[in-house]
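Some structures to go through are shown next.
There are two complexes below, and they share subunit A, which is joined by subunit B in the first and by subunit C in the second.
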Partner chain A sequence: MSGLWLQVLFGGLTSGSIYAMVAIGLVLIYRATRVLNFAHGEFVVLGALVTISAARTLGTALLPSIVAGVGVATVAGVLLERLVVRPVSRNPHFVLILATLAASILIRGVMMIVWGKDTLRLAAFSGEDPLRIGDAAILPQTLWVIGSAVAAVALLGAFLRHTAYGKAMRACAENPVSASLSGIDVRSIVVLSYALAAAIGGLAGVVIAPIAGIDFQAGLLLTIKGLTAAVIGGLENLYGVVLGGLLLGIVEAYGSAYISSVLKDALAFAILIGVLMVRPQGLLGTRAR
Partner chain B sequence: MLQAGKGAGRKWSWRLRVWSAILACLSVGPLAAVPAFGQNDPIKVGALLSTTGVLAPAGSDALPAAQIFIDEVNASGGINKRRVELVHADDESRPERAVALLKRLIQRDRVIGVIGPASTIVSASLSPIFNEDKIPVVGCICFVGKITPYEFSAFPLQGIMDTLIRFAGTSKVSRVGVITQAGSLAELVKNTQLPALEKGGLKVVGVEQMQQNDTDVTPLLARLKGAGAELVFGALSGTTATLAAKNFKQMAYPGVFWTYGGNASKQFIELVGSAGDVVNMGGYKILVYRELPDSDPQKAAITKFAEKFIARTGRDPGLYAAFGYDAAASMIEAIRAAGDDPVKIRDALEQQRNLQVMNGVITRSEVQHNGLATEWIPLRVDTAKKTFTMAKP
Partner chain C sequence: MTGTAGTMTGRARTGWFVPVALAVASVPALALHGSYLMGTFSTIAIFGIALVGLDLVMGYGKLLSFSHGAFLALGGYVMAILSARYGVPVLAGVAAAVVVNVLVSYIIARATLRMSGYYLAVATLGFGVIVVQLLGSLPDYTGGWSGLTGMATASLFGWRLSTDFHFYVAGVVVMIGCMAIARNLMASRFGRAVRAMGDDELAAEMLGIDSARYRIQLFVLSSVFLSVAGSLYALSLRVITPANFDIVVTIDMVLMLFVGGKETLWGPVLGAVVVRLIPDLFESLDDYKTIMEGLAFLAVFIFFPRGLAGLLERLARKERLPPRPQAHRSAHGVLTQGAAAADRTAGGAPLIEVVGLAKSFAGVAAVSDVSFALTQGQLKAVIGPNGAGKTTLFNLLTGVLRPDAGTIRVRGRPLPDGGPHEVSQRGVARTFQTPRLFDSMTVLENVLVGRHGTLRAGMANGMVPLAGTRSEERQAVQRSHELLALVGLEAVADAAVTTLSFGQRRLLEIARALATQPAALLIDEPAAGLNESEKRFLGDLLIRLRDSGLTLLLVEHDMSLVMRVADEVVVLDRGKKIADGTPAEVQRDRTVIDAYLGPEVPVAAG
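Let's look at the complex of A and B:
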């Protein structure tokens, strides 16, 4: 039994790193526009599917395929903002959220037509030989996912703190009206947020695709899990989001190993409700003003 | 206004005549090609198989296979010198579309029996129509026992647990851990398959349930390992089975992995990747027909069929090719015995005994509407050649 707790931890980290990676983009858009983008999971899937197709066409080198996948996801993010969100942006927030939900169904349909309904697989970046620690084993790809999530958060943090665009983004998140009064083009900043979020989403798809494969309809579940992770971590804090994602994955894994695998999803949402009751602003969030 | 309408009408009727002449020529064409069947109407059998949508891989294997069987029947003179015609309808894997198409097959095309569908996803909604309109169907659905009075199946299922029990014997293991998918599959496994394993002398030491969208099941496998399972039975299908196999390999699980033969597809090999070398499954001979020993009584028939299938489709036959062929065989034999009356065909299907088909022998009864007994063989994945191969004990 000795290796069980460690193997469960590794299993939880694998799922959790996926949730965290998806949640980062959700939080980025939420911070900039207060909109929960229900089409975010579609960026993730789109990035992965384009990369898989490109890798099949281009062959050996993975990097150009990843650039293609992330690029297409980024364009999709910009298009979503320009064609779907902006035309209805004067409406209440729930209308915007509904618009993103509608867009997600549309994108999913298009992806089904283009890529079919089969689950597709991408080769793991550094092989499939697991790393062993005692009795337990972890896939190198999991480390790639965790590494990408940490790198994405660190780079984003630096971008937001040290560049003019990043500072403008933070200003818009703080107060769009006074940001525009001080000469910031709020609209371009919103577009930038969507582009960045979609790019990170696309990258998330690329790094998670080798773990369990990906199909056209994986996006909705990813969005829901990512959203849960984001709320647990605090919707505004990027580090909190990574923490929330990993925590969600680990709790699910221990729950299914030590209590019951059937209760896995129920446990995840019990955690969500618990966090909302005790700390409504999330684990690392600041209290709403 | 009136005159203009008249002029247009004349113009149209001229075009109509030309077109109908062309159509008439076209429709006479095929009739002229088969003069041997005389003036009798063809016997029409429906093929309700999904060739698009999620079930397309199964349907596009089963349809050409059924057609091959029908062609063989026609080449040897048809049934009482009457030609058999297979009328295909593609339900696009959608139950509601299947309902409309089945009604069309029965009312417009006047089929006297139906072959297909390939999944309970579609067949469940068709059940009342078959029984109310009294049209028998032989499907390729995973079901044993009495389905409904007019529904039959030619899906090899009986004996699958026996294969696992024998495999456990040759691998010298007796403690089995089961990982299955929560929901109706888990119920089926618990109610019918686990008792069969226990009866066969194996000890089920743990049952874990995963979800369709899980991305990592190592915690569940670790629990089975903790419970001392020497053989992990992945009672799963599709992507869940590949994930379990990958995680099994990732953990370097000290034991053997077994899953359903229904998973034997190109997509499975593709998805399971390098973890394919841990996978064993109860398989069908058609997947490894080239490797069968010459002493195998079914080898000649399967090879002949496979060659025809490759000539027709340009690819190796998959599982559902054999199922589709056997469904057609069962239906045609019943029509041969009972004639044109769908009710009598139903009775004949129920009374089929020792009917040799490609996957085995069909013996049906009032309480058994599947009745296909198959000799299973353990298979492995050849990860290098990306094919299935016979498992060597």
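Let's look at the complex of A and C:
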């Protein structure tokens, strides 16, 4: 009994970590351009698929494949900003986010042509033998996932707090006009935000690929889950959305273990709607007026 | 009077819209009868119905809602379950589907009402996923993921719907009806309110439009269109599965709407034709369908944001420049029928009375302990340096902000606390520092939105306008022309507001505020950005308004204008009132000179 409880907790932390990594990217982009990026899940899928293909060609060495996957996702992030968001940036936000939705359809179409419609999988980083913790059996890959999320959050936090670029990013998020007046190149900060966000998304795809099979259309649901986590957390606050992601993952895990696995997604959105009805600005968000 | 131009042309055109639409629709019916493409066309017609509903919320209402797939699904499933499991006749099933969708959409609208923009988008997206999953996981009722079969064949008045051709005919008839209804509605009082909200919610509220109420009505109405479309869709598919209403379908519908052109009559249908027909014509391209969709969608956003219908409209119509306006000064009696003159406050009591008003932002006092009174028929000016709290004062007086302390009384009663629309209904109108017009509308329509509170027509009257509604509308149009004449914009009544000069935008905003028949008009820095002759015209206008009995409160930096028109002046400095009196008294006041006017004022001239 207690073994199941612990096992489910790890399952929840694993998917929660992925949701959190997707949500962090969404928040970075939101803070830089006030755009909800509906193409964000595509970065995750792209990172995973490129890594899988690279691992097949390169053979044993996994690290170069991961670098390739994350790198391609990063480039996709920069291209999204330059080719899609920037050309329409003078339109209302409404149009901006629908443009990212259009981009997501395009990226998905390209991925379908390149990788086909089959579900692909990556070999686990440290084998498939489960670790025993008490009565629970835990796949080593789940530790990679959780570890990557912790590392991503910690590094990003340090970057934002301690480096000049990070401080400039925070300044732009607060007030782009005055940031620009104090000599910050807002344009390059925006590009940096998209690149970082896409890189974190790509990494999420790479680490989850051995556990969950990835196909060309997995991105949409990831986007929706990431958005849910981001909105639960309050959209602006990095730690809030990490909390939102973990909460979402854990509730889903216990929900599908103890209530019904089919209703897992429904439960997630029920929580979202519940949170928003009580706190329309999200858990750690501040009310904008 | 040029009479019923502008907004009314939309309605006049509906007269021949129906025959034209039927003629167009008969082409595929005759040409493709028996072809496999007939099925595609029946789906196009059904999606056309759904898209007209989606356009109401997403196009005109500018609400980013992704719940339409869910309403399509609920509509289809309620009808199908009643028919397949309980043998309910199809038409009764459709009626039940409408009832269920009305209830559900009302609840969803209430629940998400407080959410803005993105939060609404994600919450409604979530709702869409929940509905599809529930449908899939309740196999006892819905047939689960493998689908629901066994619906009866629909028969309408003895005519059985069994082939693609039948569904095409039924779909087209319903679709054209829906298009006509939506068209009427969007040209009506209801539609103007919705479009105004979509353009600028605060400005709409300030004209007495209860945006929360209209948002709910719009949402519910759209779900009715979607239940009808969903029922027809289910009937035409014969076997429905939750995947037919998946989130991908929801997104496809958004794509169709934007490709076709939102907020246009033909856009929804055009979008459905393009997005549905092209892939079916080139079946060999199936693998590239998604890429093509993505490219088409992106191209629309980047190159022609108004979609195909917008593009065609632009090609068809040569741009005409509106004639330059002539300001004319003889508009006597325009205001005498308004509430301004009709309002008789008993015994000279103040119209607006402010006592001990205070408001601070993050510890900084924007307004502190301000008291003054505005009596009937008075023109009072509020002056003070930048940051003195003038605009905050206006926002407090109009219910945009709530005071931390103090009271505001209008005609002896406390200011209503339900937001700006209630303040407007109480007879207080305002203009903004930078004019906030409804940019998707004509000059005349902007003023007509101002008439909102004086008109009665509701949603049903808007869909099918009967004699009473039409005559009410005619009077409103006439009255709006009079107000435009008053501010010298009559000649540009039918121009798009985006073509107006800055000065004209200001005057239009004043006319629009006057259209609400206010007892008091609050004007925020009207002279800013105007040239000398425009300022003179504005000053004359303010005096004429005051002389006709209107009470005015004016925030203004232009001292010569203030000294010329104001009966009394209140001076604010750093949130506090430092003087209150006639212009002459204020000009001599030591504190005022030190704080604001400075020693060398343009007083000597006056």
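Here, the second predicted complex is superposed on the first by the 283 of 289 C-alpha atoms of A that agree within 3 Å, B and C clash if a C-alpha of one lies under 4 Å from a C-alpha of the other, contacts with A are read in each partner's own complex, and residues count from 1 in each chain.
Everything that follows uses one rule, which is that contacts are C-beta pairs under 8 Å (C-beta built on N, C-alpha and C of every residue); 3 or more make two chains touch, one makes a residue touch a chain.
Computed from a predicted structure; not experimentally measured.
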Touching partner for A:268 - first (subunit B), second (subunit C), both, neither: second
Touching partner for A:177 - first (subunit B), second (subunit C), both, neither: neither
First (subunit B), second (subunit C), both or neither touched by A:164: neither
Which of subunit B and subunit C A:227 touches, first, second, both or neither: second
Partner chain in contact with A:61 - subunit B first, subunit C second, else both or neither: neither
Subunit B versus subunit C as contact partner of A:278, first or second or both or neither: neither
Common interface positions of subunit A, toward subunit B and toward subunit C: 262, 265
Residues of subunit B defined as touching subunit A within the complex: 53-54, 182, 208-211, 213-223, 225-226, 238-239, 242-243, 246-247, 249-252, 267, 270-271, 273-275
In the complex, subunit A residues that touch subunit C: 36, 84, 87-88, 91-95, 97-99, 101-110, 112-113, 220, 224, 227-228, 230-231, 235, 260, 262-263, 265-266, 268-270, 272-273, 276-277, 280-282, 288
Contact footprint of subunit A on subunit C as seen in their complex: 62, 64, 111-112, 114-119, 121-123, 125-127, 129-130, 133-134, 136-137, 247-248, 251, 254-255, 258, 287-295, 297-298, 300-302, 305
Of all residues in subunit A, those that touch subunit B in their complex: 1, 3-4, 7-8, 10-12, 14-15, 18, 117-119, 121, 123, 128, 130, 132, 136-139, 208, 211-213, 215, 218, 221, 253-254, 256-257, 261-262, 264-265
